[in-house]
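Worksheet: one structure, shown below.
Naming follows writing order (A, B, C, D and E), and every chain is counted from residue 1.
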């Protein structure tokens, strides 16, 4: 179905993202907390990338195994472990055991159809959501999860390509404030990047809506209505995606957890501000698309009206004239008018009178 | 009415499920708490299936009577009594007396039109809802109720066929975690299965909606609008059914009852997550169906517009031409043009000019 | 206006029930708490029917006057006084004085336009609402009010005919649980009957909606749209009536009054369940009627589309043909084709070609 | 614009009441609390009418100046000062000073565009709203404000004509309960009258809606749609006006102020009941008007359908017939049928066959 | 796009205000709290205007640098520093440092796409919103922010032109109450002016809506539907802008901050009243515009109905007449009627009978 339709070129979000995620039937027979990766199986190796930092230093290392991870000397520093790839369930489970993460949490990490959420446990808090990135006018959409403890933060992502290079550079920068903070601040910084990328997409939709609006004022391209309805569907999807992210941020803000430093809280308020901006804009777009559709329908209706007016007036003027011509085309033998000398000019006069009278009538009625 | 309509093939939920359940008039004269089975009377025997388990063992037995039930030696183990069939009111009443269940609770067990609910009493809590299962692209829909006490859980179902075999197998499995837990965990596991089955249905609706949507983009099959409206009605029914189930799960989560172990609570949160996913999807489908309907109406409207445009232009071009032909078909005796030698070619010239002028006009107006 | 319209046969609720109750202008000049009966004045005597009961006995008596009432020996028993007829304001006032009921309460008893409500005073609680009963496919609608004290319950109704015979029989039955309970349980039983009767009406609407729906799928009867709109109006009225009844039941449930025994509370929860069922169904019916209306409009629209398509294709095919025939009906003297020998067969050939071409075009466009 | 339209005769609320009140631009440069009368300047004298009453006596007096007011001997009695006319700002200010009323309160008294509100200060509470009265099928609409203290109540109104004569008579009546109560009860009585007058208007709208509804079932008068839309606009205005009045009454009810006697509270509950009745009815009317409009549109649509059906069938039947007649009006020289003897009767036979076939087809399609 | 459309003349709010503010992509890579001015870069100098006042005196001075600012001798007086121009980020940062303002606050000052908000910090509170001013029937729209501390208030605005001259004059006036109050009162006064200016705009929309409404009753101008939809879009924008301002005012009211004097609180209540008035009116306008649109569509529909009726009746009357004329224009050789002497008058009689019959039929159907 994908390439069948020129509307696919118009889509911002590929269809398979919008299509509802499946809870496989097999899964519904498993006990809760069983780990199952619901994405595509891949052969690639899972990458474990570590950054160990404090105010003074920041060391990056790609570890090969859990054992190498265990040998890392933290010594009061903070560890950021970034796990790329989710298809090796056994490895994920081992990581979970190392950091004392509940299975029920790991299950959510692996479940690609998971609704974004923020949860708090005794020793860590947990966030799962989708991160989006633009890729030549299309959106890529990846699972993102993080578990944030007292001195570590573990992040999970499906694919090597990500949006956190800015954060990594700020960590590498010796003067970066982020380095001297606790993992909660790093968690905030990652969420901030994710929310900002959603805002970028939102703006792409703003542009598309503006395009459609200009088209409506100027000249309709083909498939207008299909494109409008595609956009509506996508924005609707965005709304569903963005709302639980805002809920997550609210929970992050309100969390009484001792893991979250008081100094981080103004930044969290700011993050909430952005998330609010995001959800409000999505709502606005929904309304604008609805208005566009109404506007379009009105315009179509008016055009139909115009056409019908022309048809009416034309028909209504010619109908009696044609009838009159028909009369004098009859072949009755006793037909006095036919032989009258001035019949033809008089006929034309009558015709013009009738036509003029009707035009006058329509003008007065305001139909012309 | 059932086989009259090809739409019945399209239905997922049989019509008699959607039809409103009846509160029989006789019932409204009974005192509250009187037991009355509101389903079809059957002759089959009621089955009493017991599972007695703890961390170490799990014994299954089909008992014949209440007396056999009383003789069961629990000895600190947990009893799951599954009652299949609800038509023997006297037996149900006896079971209730054995477990000290209030009549007003049993009344709800037997009332097939009962709204799903979760209620808490001093010594047990009570859940009633519908369980659904798929059966060759159709849904079967059965009453399910459970009473969960300190060391027992009694479940009631209408029909032998059920969806709990997965749970039973996990109980039979010596390493299953479910065995070493209290009845509250088993209650959770059963609800989890029920909610998961609702999710499977929801996905069937997702497929139907996708089908209709593709039809809309490609080529409309017959009865499109009736099928759409059938789907809408069914999803609407689902919404009404699913919402109180979510309420039940919320109550289960918030319950202060000492019957619910603290260790069960992360699983309950997870269950609530699924129920939320369920209700959100149903809402989404309602919106999508509404959008589909709007889209369909727009498309119909546009098609009508196209047709009317063709009619207009055709008529409007031919109307004056036909009139002109009519003029020269008149039989006036004194009709100078008729005898003019080049009249006929000139006539054709005039005709083409008029037609071309009109086509030009419509092009400029953007109607062509 | 009543018999003018065949729709009146379709009505379930007579028009004068739906018409807004009047607050007479005179009333707005009275001081608050002045008693005024707002219904029709009648000459009939007011009936005072008493039942005095406890666990052991139940005596029924029809008293003639307040004095007879005062002579009744209660002796720890509970008194149910049922007042039939509200037009004798003086008598009502005397009754009020006997039971120490505030004038402002009696005012609500007498005001037929009173919104259903539940109110709690120091020594009694007070409920006023409408009771409905079916009467040959139509609804009768009567004022009902009750004042429930420590050892008495006074009920007021407009008309002799009522729906409480079931309750009376349960009181007469020596084994009836209702006898050994306090007036709060009797109050619950009365409310239960009232709510159950609303549910019966609701089901009548369910049937009507099903009828309309079947009509829509099969063949529209006359006045479909008027009947639909009548039904909508009535269900809308029902919604307004039923919602405050549910509020009353909620208040009854939440009441901290010492008049309400703790043992009654599971029954009140059950009553609330029924009231919830009632209001939810009314909401569902509103939605279904709206959907029916939309469905109807869609169907009308499609039918119009079909008709217009036929018109279009017919006209559009014949328009050029008629024109061509007109051409060769002209009387030009120099008209070469006319005298050509095979002109007539060629003409037919041209005609068929044009017609076939157009049909092909419409087929390709999907209009046929 | 006022007399231009016959719809003005239909209006209940004069247009200038509905038009939004202006906050004059000059005002936006004043400091808050500056007194400015926003109504029309008038030359009339302001009337100060006093009633001094307690359980034993009630003295009425029209005072000329503040000084006369100061000389009044209250002596434990309650003073009701009614100020008629608001254009003398200096006098109002003096009155304010006499009773220790804040300027910010007086500002609200004078601002005719003020949203109804109830406010509580340390020594008095304050209510401002509009009072309405009917005047030959039209509504008059006047500012009303009152300041209620421990032993006084000051009311402000724009115009001499008011709706409080009933209250005054109850004060003059030696047995009136109102006399022996505190100012809070008088305040309640005034609000009660105001709310009752809103209910009278509401009933006028009920009548108008019934009229329109009957028109719809019978025969549409002219301007139906304009009148409907006028009514909708007015009811919408009423909704906006009535909602804050209900808020006021709720605040009055919930007020913890010591100025409000406990004995007044059942009356306040009753007042709230009326206000609720008022707002609910307005909501109901909004819905009914919407339904009327939908019903009207449906009816118009159906009528259009009927017309189009007739057009279609007529045209479609005559189109081929006219075409056939055109054929045999052609002047080809070699035209075999023309000279065939039974051509004419056969022609008629063919015609009738075609027409009958088409009618049969339409009947089968259900278009006739 | 700007000058292309005559609708631009109709706009009240220039298009670039309504267009969504951009969060530049570069920004999303900065760490939170980095200052970045998101408006147009300008070369103009930033103006620092100070007013130092207490009850006794008020000194105005334009300072050139931060150093001059530091030298100001406050001595218990209150300082109002008004910063005009936001493009010199370094200077803004220095000011922030001088008054101990967090960077995260300054970031919001500079971000022109900032949602209006009110925030409270330990030593100051902070408000950012847009101020609007009218400029020859168009709206200008400027960033406004203020930081209010114990003895200072710093305001930031983009442009020299502002709306606070009234406030400045009240400060200069030796008797102005504003002088003897704390900065919280000045903050209130500024917000009051901003809200009042929004009210002025709201009234401009009221006028536009009235214009459109009159047009609808009288005679539609061109582009009616486009203008209506422009207005709707602008009012929608206004709604989004005004709602967070009201939230700000609510926060200002509820603030427990010791910076807000108790005496200011009645003024804040008044400000909230205005903001409520504002938001309510915007909601009302949304509804009115929706109603206007519906009304317009209804009117268009009715007009179309009228036109179609005329077409129908005309066509339907002439169709059989034209057919009859066609019949007698046929050239059959054996055509008895043609040679009948009174054929022609009889023909006319038949015609008139048919026409009259049809007119009668339509009259009876109510189509004429």
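Keep this in mind: a residue touches a chain if its C-beta (ideal position, glycine included) is under 8 Å from a C-beta of that chain, and two chains touch if they have at least 3 such contacts.
Computed from a predicted model, the values in this text were never measured in an experiment.
A.B. asks: Could you work out the angle of the rotation that brings the CA atoms of chain C onto the matching CA atoms of chain E, rounded to the nearest 5 degrees?
C.D. replies: 145
A.B. asks: Mind checking the centre-to-centre distance between chain D and chain E? Centres are C-alpha means, answer in whole Å.
C.D. replies: Using C-alpha averages as centres, the distance is 27 Å.
A.B. asks: Report the inter-centroid distance (CA atoms only) between chain A and chain C in whole Å.
C.D. replies: 44
A.B. asks: Specify, in ascending order, the residues of chain C that touch 2 or more different other chains.
C.D. replies: Residues 308, 311, 315, 322, 326, 329-331, 335 of chain C touch two or more partner chains.
A.B. asks: Taking the touch definition from the header, please name the shape of the chain graph: line, ring, star, complete or other.
C.D. replies: Contact pattern: a closed ring, each chain touching exactly two others.
A.B. asks: Within the complex, which stretch of chain B touches chain C?
C.D. replies: For this pair, the touching residues of chain B are 1, 5, 7, 19-20, 22-23, 25, 27-29, 31-33, 102, 104, 107, 115, 117, 119, 219, 225-226, 229, 232-233, 236, 240, 293, 297, 300, 303-304, 306-308, 310-311, 314-315, 318, 321-322, 325-326, 328-331, 335, 337-339, 341-344, 347.
A.B. asks: Residues of chain A touching chain E in their complex?
C.D. replies: 166, 170, 176-178, 189, 192-193, 196-197, 199-200, 203, 206, 210, 214, 217, 266-267, 269-271, 273, 276-277, 280-281, 284, 287-288, 291, 294-295, 298-299, 301-302, 305, 308-309, 311-312, 315-316, 319-320, 322-323, 326-327, 329-336, 365-367
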